[in-house]
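Chain IDs A, B, C, D and E follow the sequence of writing; residue 1 opens each chain.
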């Protein structure tokens, strides 16, 4: 019908299982299903607009897109520039190492080791704050995938990341294992992932918030998540 | 090791029809080439004008051109494209709103060609300036002495005379242009590098796709080289080979 | 010998001189090469310019068609003064590019270092100015160029690029290039330096022909014999000024200044 | 003489200067710079890394470029063919791909061959910078090799003959005449290629080398500011480029050319 | 005049000739420029090579120091034959690079087109070969170069780059560069083409001095008067062969062939 058109920016670089294109150019993944559900609920006509991660915030602020659904964690720093909806998922952070390394997910276990993280993530902040003095070196990777590869190659001793991302990795590669979750620190690890919105676009934010709450309640959220995860990704 | 080789040889992923990614790669290549050609040609026009201005222009023109080549060459292309595409269209639309016109939507492709052209223009200005300087002065004097206009001197004497000195530099810039198109990913243009990353990220067959993209780029280069060598042979006519 | 002296040098007051140089000064940085040179040549005059190496002969010739910009002075071609304006650094610069271009099409120059265009064949060099500047049809230009090539004995090198020519062949190509534009005034900078005596004789004949057609020539040369035979006026340049000037007989047989006497001593 | 020797006081230069100052004031007043102090230390380190990479790889790259150019311009087939192939392959594929294939390609081999971790070379194989230096050096060598090929071929033949005629060994002819003439001829292009190399260094951030670009991306993703960090980056690169351009100008002006 | 003819031209059988050219052939593509030229010069000989433009004089001179590779023939310098081997395309190439280099250090050449190194000042051009090839100390080389500059009258252009020199100044710089290596054999390709009569006289004196020191000279020239005064042997090159050869008196006063008679006609 005459629904309002919302251009939703996703990162042009694939981030499975959340957003990824297939060979015919269609975008698939959990976040795409989430978007479809939310937009249907809020009666919005949403179109996927891939934008490189580097340009996604300027694209939002200069009106090229209206919302970002890209696994963007809600942090204080980001709130200075853009607004967020309520969180729509939140997963714990874990540490992975080579099999039988004997490393434990704490400062003592990581002493004098090389640890890899994806650059500019909450994990990077966490490692710097909590393990910065203990480890030998913190290596920063542009993508999580590259960090994973270097763990397999033995260039780093451990990596810290989102449990989902690492879960998929240790299942596909026999080299490594998850040694456990780190101690929680809400100030750094944040309040989960939200929809990024232009500052002052309160009407749209309200629509998203209401829709997120509704699909959580009416079971739609659980329904489409089933195909991807065997636990509740919404978190605590 | 075997797995490593096996990962490389997952040829079916390169099939032209989905679920193979071959078609996507080729489409990306076509977009890259489109941007490269557009940007390069624009850059060449700017370069000729810029070099001529730097060599024969007045002090004001020379200074402005100096600022242009220094700034544009200094500022990373990524910054330029972000500034021109986002800040630029923003400003343009605010201006349009001010005069009461409809907001314009500039396509990422057009902006990309423009930015690559502006960047190439700065580099080509310098390459061409060097080449112009390599033309023996006497040949230009002779042309002037016969009453040729500045434009005729340029077209008939200086351009062909400097060509042998300019071809290697210009060839480099062309090859750079074909690869600089990767920057357009920032504004969402699906060119070869971006679709390669997408294919790799989705299928996890990074090496397969990076090799494939490498081969595509290499093919463009090899075909270009045939043309470049031909131009160069033509340009060097009349010059004895050095031993 | 000097069969050409009966030319039009007895100028009437009505027709303006073909070339008129008035109070020409030229500085290169701190070096004053020309210190006020004045010279005028009537239609059909052949003026030989002689003088020591580095005395400014080439510079003077190059000032006539503004390849070297005078620091001070006035140049007129057939009564039309090339308009100049100060360049803000104590020198002059052309004020009217179109006028300068128009005047240059009536001048032709043979350079001391030939300056052939390296990316064109001999034929290409010769037809370039007629086709591009004068708008002569290509075929006509080629036909004419072939006659000229024949005249300078270079027909077999028609399609050769200049860097594969011997010195004398390059010089002859340069002469043919200058002849091809059929200029009113020709500026020759040592046009026979790379030629053997036989060819010098031929160039001499060409120049005599041209003078007979009423064309004016300024010609720098080191070959006194050549100057004597071809010129009806000889100018001796020394220390940046015209030290002596006159018809060849007087210059050669009765030099006035010590400087010229010494200069000519070795030739006698 | 050259434009840089003319006075700053010419009116149009003052105008340009005023525009520049205006932009800086605008940026300082209307944009957010509160993050700057927090990152200043790391920025300085990053600039250091960038410069170190730039100088090392362009110097090494140029050393390789000279034989590459010479082999192609005047070498026998068995030298010129491989040189040409090297230049073609390197120039024909994106630097990012090369960097990737080197770093992660080799890395994926290590995963299947753990014994290598005991070898003496492991500390180097394990670090990222050797791969960055290698890739950047090869890239500069290939591009510059191509430029030098043209420059070598463009030196007037007669001047080389004069050298030979005086009994100079091929190496002396090369060192005293061919190379200086070629370099002088290639300088404007060389300057451009060096600036390009400066802007290629950020790619090493993808293999965990922390240069100034990596720091700036860090700032961008930490603060989510769009333009400010990029403007600072532009300013830093502009200053570095300015120094490079002036240095090359100076070199160029050492041999005056008529016209 | 010909004061030099009493030199060492009466060669004894023991001392080998300074330069010996034997059966020299040179093809450029389809063009046979030299068709079997043989010539030998004893120590202290001054051989003038004359001939029409394009007759192959420069080519012959350039073959002596292997700048042009002969298609066939043998070149010996002071009894040492430059060793050659077939190049697989019907021509020859040097077989021993070190030997060629050693021989070249004993030769010096003044090129028809000067070929000064554009990236060095006049002084730099002159000291280059002594310092880099002969291993002369830089200061000594400079001291010597200054003397030479004085001799050719170019002291004030010491620090100027070649492209800012007049034609004659460039030629003099090239001559000074050749003299600086104190060679046994000098090859001059039209060394006075850009010089005025006064300077021609001076170069003549220099060459006479050199001959007196026992140096050998091959010299291509178009100035018959110059050839006559300075040479003790004149070689006339025509159609790729030496058409006539002998002491200047006989060549100039009693030319045998029609060709030479015609060639000299204009000079008499």
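The rule is short, and it goes like this: contacts are C-beta pairs under 8 Å (C-beta built on N, C-alpha and C of every residue); 3 or more make two chains touch, one makes a residue touch a chain.
Protein identities per chain, from UniProt: C, E = ABC-type histidine transport system, ATPase component.
Remember, predicted model here, so these are calculated numbers, not experimental data.
Chains that touch both chain A and chain B are the following: D. Seen from the C-alpha centroid of chain E, the farthest chain centroid is that of A. By number of C-beta pairs in contact, B-D leads over the other of B-D and B-C. Each chain gets one centre point, the mean of its Cα atoms, and the points for chain A and chain C are 82 Å apart. Rounded to whole angstrom, the centroid-to-centroid distance between chain B and chain E, based on C-alpha atoms, equals 52 Å. Centre-to-centre spacing of chain C and chain D amounts to 50 Å, using the average Cα coordinate of each chain.
If you average the Cα atoms of chain A and of chain E, the two centres end up 82 Å apart. For chain E, residues that reach two or more other chains under the stated contact definition are 113, 163-164. Counting partner chains per residue, chain B has residues 78, 82, 86-87, 137, 206, 239-240 touching two or more of them. Multi-chain contact residues of chain A, defined as those touching 2 or more other chains: 54, 58, 61.
By the contact rule set out at the top, the touching chain pairs are A-B, A-D, B-C, B-D, C-E, D-E.
By the touch criterion stated above, chain E contacts chain D in their complex at residues 62, 65, 67, 97, 101-109, 111, 113, 115-119, 128-129, 132-133, 161, 163-164, 177, 181, 187. By the touch criterion given at the top, residues 18-21, 23-24, 78, 82, 85-87, 89-90, 93, 185-188, 190, 194, 197-199, 201-202, 204, 206 of chain B touch chain A in their complex. On chain B, the positions that touch chain C within their shared complex are 136, 138-139, 141-150, 152, 156-157, 160-161, 163, 235, 237-240. Of all residues in chain D, only 3, 6, 10, 12-13, 16, 73-74, 88-89, 91-97, 100-101, 104-105, 108-109, 112-113, 143, 146-147, 149-155, 157, 160, 185-189, 191-193, 195-196, 199, 202, 213, 226-227, 230-231, 233-234, 237-238, 240-242, 245, 257-259 touch chain B in the complex they form.
Of all the residues in chain C, the ones that touch chain E in their complex are 28, 50-54, 58-59, 112-113, 164-169, 171-172, 190, 193-201, 222, 224, 262-267.
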